[in-house]
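By letter and in written order, the chains are A, B and C; residue numbering begins at 1 in each of them.
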Amino acid sequence: MSEHERSSLVVAEETRDDLNFLSGTGSRRAFLRGGAAATIATAVLAACKPGAKGADTTASVTGGTMPAVIPPTPRESADAMDAMHEKRMKAFPAKTEGKGNVLFEPRIENGVKIYEITAKKTPWEVTPGVKVEAWAYNGMVPGPQIRVREGDRVRVILHNELPESTVIHFHGVEVPNDQDGVGFMTQPPVKPGESYTYEFTAPNPGSHMYHSHHNSTKQVSLGLLGAFIIEPKNRANEPHADLDTVLILNDGLGGYTLNGKGFPATEPIVAKLGQTLRIRYMNEGMMIHPMHLHGMHMTVITKDGWPLPAPFRCDTLNIAPGERWDVLVKCTNPGTWAFHCHILPHAEAETGMFGMVTALIVKA
Amino acid sequence: MSEHERSSLVVAEETRDDLNFLSGTGSRRAFLRGGAAATIATAVLAACKPGAKGADTTASVTGGTMPAVIPPTPRESADAMDAMHEKRMKAFPAKTEGKGNVLFEPRIENGVKIYEITAKKTPWEVTPGVKVEAWAYNGMVPGPQIRVREGDRVRVILHNELPESTVIHFHGVEVPNDQDGVGFMTQPPVKPGESYTYEFTAPNPGSHMYHSHHNSTKQVSLGLLGAFIIEPKNRANEPHADLDTVLILNDGLGGYTLNGKGFPATEPIVAKLGQTLRIRYMNEGMMIHPMHLHGMHMTVITKDGWPLPAPFRCDTLNIAPGERWDVLVKCTNPGTWAFHCHILPHAEAETGMFGMVTALIVKA
Amino acid sequence: MSEHERSSLVVAEETRDDLNFLSGTGSRRAFLRGGAAATIATAVLAACKPGAKGADTTASVTGGTMPAVIPPTPRESADAMDAMHEKRMKAFPAKTEGKGNVLFEPRIENGVKIYEITAKKTPWEVTPGVKVEAWAYNGMVPGPQIRVREGDRVRVILHNELPESTVIHFHGVEVPNDQDGVGFMTQPPVKPGESYTYEFTAPNPGSHMYHSHHNSTKQVSLGLLGAFIIEPKNRANEPHADLDTVLILNDGLGGYTLNGKGFPATEPIVAKLGQTLRIRYMNEGMMIHPMHLHGMHMTVITKDGWPLPAPFRCDTLNIAPGERWDVLVKCTNPGTWAFHCHILPHAEAETGMFGMVTALIVKA
């Protein structure tokens, strides 16, 4: 990561760090604290060992003599660490306030699908007890999922209740230039307290996104992002899928998240044996995230909404910032399968799994 | 980024930082300064508000009483930020001294295309007023674009006027081993003040590169790089393109650049409606850069100069260090379209767009 | 790199730094020391110049007058740097203790291929004289290469002699859920001093991996990883290859390594002119590594073990964490060819090549 990148993330990371202190996951300082916690845990264990002088520690120290602390055995240290891991795993899927990426039901007027979006500061619970101050569309991160059909007339009305100007860019959607949402290039930015209306006919189908394109390094990192899916008019060529899910990857405010939540608050994907699952990956972060599915492979069918002429199979798909990839998973292997970013520090710490981890549950 | 990477960039970043101070873009310290500037701007605004005590501030402070500073409204803060963004956008395309990647006209002797290249320290203006001390081929970054035809006899004469030894490696070009330009593996490095001659028959066609392969982490970062394109002998299989452009991505000295310049000094690509544009991406940096085009998609036709058996479409193409990808863009959507790296901190700061941003202008 | 990533690597980097001091490669501090060494070298050169006052330096200083030190010429500085580069190159391939990725001969009982694996702390020599304390499978990094055939009955017996619990996950292998090796998801972690048995019938063929999936950010970084290759039952569709080699990329303990060793201790690949080489890339690190081969191109034939429907050619292949890619190289160009990660700071420092560098030697 460059100085540019580091600098832009500093505030978010310091915030995350403090938050991580609460949850025990994550950053360097949290690691140290985690280490300290582990030391305490093992010291307590040592104190409880038969014959240990642990109980006399305070008195001994007061009396000026060193206590005979017996260091924990590897087994005791392992048990202390494993207890943290187990607790994290058992908490999954953990309840948190707020759910992002909820399907957006439009208001329809004269055949136009109208999506009213308010951009506003919103407290957002990333993992249980860990709240960040997000900048959100309609109070959720990711913003509500817009799903229209190719040829639909679409109107998006943006109300800016943020302390900064903003705009909405429809990433991947081939709109007319004046609807592209780039501050000072295709429109003036929308000032705090003002509204702005975008309108276009849904063009190229596929898995796209909408997000801020004004002071975007900050605004997208804070949460101004969502899925914008255009279903094809002619569904004859669409591959069959029993389930259709969106997985928005992010590494801004709130740390490493899938659809706005970090493990164990991420949502598992539940399928029945034999079903076909479609996953639409979207990377709204600043880093790559190679997503790895256990137990089954993925068939990659589209790139940025465009069908691949030669779909290929894999179990680890590298998704770069701004990219969307659609895959199909034939759910042939029953069980609860880990599903995570394979940059390991995005998924597991000394204290257990966190961040970009979820599960695919295939029910027999 | 690893310690290795950080360490190797430290000097460049410190330099960039100081430079960024001038332009107001970029690194952490510049961000802070930018913040300070914004604070000053909004304080000035506050002082100008009707009834504000701003004008009395100095006297009040002298007199030992605190002035009643009225904080700016969100609208005023937004206006101050937007003014910076607008200024940056309006400056595009900004004039700077020097232009890189200029087509290199060879001297021809006995049917041999001769390219004489001097490697030398060169002041290089990255954005208006921001000059860095580059190490350049023939006084430009990227070096002059070499474009030959498959089967051409090519001679490259390197004159080393740098304070270090150097070599030229023809990246992607399948030359005989002794022409491969790897210090102490295929040749002795060329000492300061000395010259060296490479000669070969242009082999595999495609978008390739030439750059230093001696102390390369430093030398390539400082600018010793350029495009080396070999056009196929048989052009029958070449896709039609009205325009053919090279986009060299870099993240070394001078920060995030396209063809050696940072926004707003990057060069827009100008096409007429209906034309087909070929873009040859080349990554000479140390980081990935997923390039995102607004308004239209790209059809990816070659990888490292080799035709893809199954060209695919996308709007965001992830380009890793050392990779080259050729794409075609059918310019069907008129307007001025943002075109940038989608790692947002490579493209936009609090003070506006910078770095790896340009535009595709499609004229109706 | 995120704060998460940095934090998890801090200890490893500090270690590496001290180690690099010995070998003169690598990190920031080593760079500074390298610089100091170069200064000393050139100062010595200066002192040896005819007429230099070098010999009087101490006396002069004592006497209170400044010595007339003649700064080295660029040529002298270049010679000093080049000497370091040459020494590094001439050391290749350097001998070190220990070899990873050695083919694992199973014990066969009742038709079951049995692989007994002990996970244990192991001193590991990364480059000559540079030893790190690895966590290794059977005393080597990468662990022994497991190579079975589709349909084989396979038993892996893990003995945990580490101070932490651990598990083995068979990355990419579509085993039944209870054999997937994810702590607290598919099994309890295996405690220090305990053993655990995995057993399954080798399913989907291809280039896979095995590694820890418990406290994995630490455990995989320290060396608990290896290749797990399943050859197809029906070899009729396998492409012909005269040589079949595995290249495991890593960036954890020991820095940037290929099969557990850093240049110049990496192993060259030796082929005869006209032979076809198969390379199985596996990324067990936390960063991308775009591997670049000089002189010849690669034809990419599988992704994560799955045959690509449209194999493509390239000379630089970007490999993300968790990914495996198989390529074929037709060895048509004789000579010793550089073969390295093209993130240059993973491959070359001021002191010469290091880390993720090896060579493909094509013998005429």
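One rule holds in what follows: contacts are C-beta pairs under 8 Å (C-beta built on N, C-alpha and C of every residue); 3 or more make two chains touch, one makes a residue touch a chain.
Just so it is clear, the structure is predicted and the values come from calculations on it, not from any experiment.
**Q** Minimal path length between subunit A and subunit C through chains that touch?
**A** Counted as steps through touching chains, the separation is 1.
**Q** Since subunit B and subunit C are copies that touch, just let me know if over half of their interface numbering is common to both, same, or not, different.
**A** The interface is built from different residue numbers on each side, given that under half of them are used by both copies.
**Q** In angstrom, rounded to a whole number, how far apart do the mean CA points of subunit B and subunit C lie?
**A** Taking the mean C-alpha position of each chain, the two centres sit 31 Å apart.
**Q** What parts of subunit C, by residue number, touch at least two of the other chains?
**A** 1, 287-288, 309-310, 318
**Q** Touching subunit C in the complex: which residues of subunit A?
**A** That would be residues 1, 9, 13, 16-17, 26-29, 31, 74-75, 77-79, 81-82, 85-86, 89-90, 251, 255-256, 287-288, 290, 292, 294-297, 309-316, 318, 333-338, 342-350, 355, 359 of subunit A.
**Q** Spell out the part of subunit C that touches subunit A in their complex, as residue ranges.
**A** The contact residues of subunit C facing subunit A are 1-8, 10, 162-165, 169, 171-172, 174-178, 180, 182-186, 189, 191-193, 204, 213-218, 220-221, 286-288, 303-304, 306, 308-310, 318, 320-324.
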